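Order as written gives the chain letters A, B and C; numbering starts at 1 within each chain.
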Amino acid sequence: MTVSAPAALAPTRRIPGEQGTWVFLFGDMLVFGAFFATFMVERAKAPEVFDVSRKTLHLGVGLVNTLVLLTSSLLVVVALGALRSGARFIAARAVALAMFCGGLFIALKVYEYTSLVADGHGIGANHFYLYYFILTGVHLFHVCVGVGVLAFLLTQTRRRELSETRMAVVEGGTCFWHLVDLLWIVLFPLLYLVA
Amino acid sequence: MSGPSALRFVPRRAGLSWLVLIAATLVSYTLGVDHGTGSVMVVVVLAIAAVKIRLVGLDFMELRSAPTPLRVAFEGYCLGLWGMLSGLYLFL
Amino acid sequence: MDLKLQRIAAWGGIGMLALFFVFFMLIAKLIPPLSPTTSAQGIADFLTANKLRVRVGLAFSLLAACLALPWLATICVRVRRVEGQWGVLSVTQIFSGVIFVPGFLFPMMVMAAAAFRPEERDPQITQALSDVFWLMFIGIVGTLVVQALVLTTASFIDRTEPRTFPRWFGYLNAWYALLALPGGAVMIFNDGPLAWNGVFAFWIPLVAFSVWMVAVTAVLLQSISAEQAAQPLTAAAS
């Protein structure tokens, strides 16, 4: 049985996190947009090569990774709600589980990478693989940073009280994790499904 | 285990969005696998991605209750991204 | 007096950026970069054909880079303000400042050597000098990342009154640091987006760097003004 987050009835609009959070998040979104566009432009130069190479990717692993990140985002939403209500134990557990999901994503990615390289599809094999490894690599770096951010959130669940600024940083941290999820939601179809 | 008691902290919207996101992921996957090539399918798959990121922003990042300019900027991004990628796919 | 000098010095960054745009990019034509796959003869031909422009552009760029010195000093002094004394953040910022200007000067001197008499030289030598220029010029990126992360930290721990660095500035620096990082990959790739003429390792970091320099200047000026306004009206001994 779910209920709305406490005090959600007040219709005042507020910025999730703080202003600066969105300087960072939008900045990152725009840059990734440029990355995505660059991929599409490169693809147009050699569509057959890209399509053949695309089919060697581990579609199932990509799918599982998407589901893993989506679930981790939900866990982070739970954690934030729990933290706001003072349910620090639940918040800590939820963050820890989200971190586990992040770790799972990383492990699956490493498996994918090593398996591709073993099959001769390394970063230098052709332009598709070059962009695949670079785009997913930069994203993977974001995931690692994200796990670090979640670790920070975990330490914050131990505090009895969070000042307004600290809470804003925590919210910003959760938004960063959702960004990591968001970017993968675009990357997965772009790399694995676009024929 | 934090089980059922944790569900208290899932705003209804977010929980529903998560279900939609999971479903949409499976739909895209199926479309991509079964219907491989074809411009329409790619545009549809990209559209699904745009809808998904919109949900992540609005319901996970809580942009639904954010000041209008921020929300508009985000929705603009989702739309713009879909338009740009579809355009590059179709016209290059 | 000190704040007045800081104000003036704060403009050094923009000055450098504007002059670089003119001399390094428009006159010397060094941006857009020649591809890392260009043949030795290709590079020698480019430099021979543009010998005068490149050398004039570099000569002025070498001087323009030095405008950043007082700008960097101002940044260090203001980070010190946040710490209350010379501490890890402000001293690291000094180190970053010390490397920033030579990081431009030394590679450019190498390129100037390449452009000095390319028609008399074996093209292989010219190519080698040109490679050294690009790898040095972009490879230094790690120091810029650390410099930015120091500013992120300073922005978040700032408790000065009036504030030295706004919180959003901390986030901006984190974004800039993240984007500058791929520049390090230029050692590894001869072509593609991570090469020294590539989207990810050159163009995006270049845009981020320019945005950063403008943002730093704006923040410096704003906080110096605020500090000046908050000073007691009686003439203050520094």
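Going forward, a residue touches a chain if its C-beta (ideal position, glycine included) is under 8 Å from a C-beta of that chain, and two chains touch if they have at least 3 such contacts.
Keep in mind that what you see is a predicted model, and the values were worked out from it rather than measured.
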Comparing A-C with A-B, the busier interface by C-beta pairs is A-B
Using mean Cα positions, find the chain sitting nearest the overall protein centre. A
Report the inter-centroid distance (CA atoms only) between chain B and chain C in whole Å. 38
From the C-alpha centre of chain A to that of chain B, how far is it in Å? 13
Per the C-alpha centroid definition, the whole-Å distance linking chain A and chain C comes out as 31
Residues of chain C that contact two or more other chains, please. none
Among the residues of chain A, which are close enough to touch at least two other chains? none
Complex contacts: residues of chain B adjacent to chain A: 2, 5-12, 14-15, 18, 21-22, 25-26, 28-29, 31-33, 36-38, 41-42, 45-46, 48-49, 52-53, 56-57, 60-63, 65-68, 70, 73, 77, 80-81, 84-85, 88-89, 92
Which residues of chain A touch chain C in their complex? 18-21, 23-24, 27-28, 31, 34-35, 38, 127, 130-131, 134, 138, 169, 172
For a test of understanding, state which residues of chain C touch chain A in their complex under the given definition. 156, 166-172, 174-175, 178-179, 182, 192-194, 199-200, 204, 208
Can you name the residues of chain A that touch chain B in the complex? 1-5, 8, 11, 13-16, 22, 26, 29-30, 33, 36-37, 40-41, 43-44, 51, 59, 63, 66-67, 70-71, 73-74, 76-82, 85, 87, 89-90, 93-94, 171, 174-175, 178-179, 181-182, 185-186, 188-190, 192-195
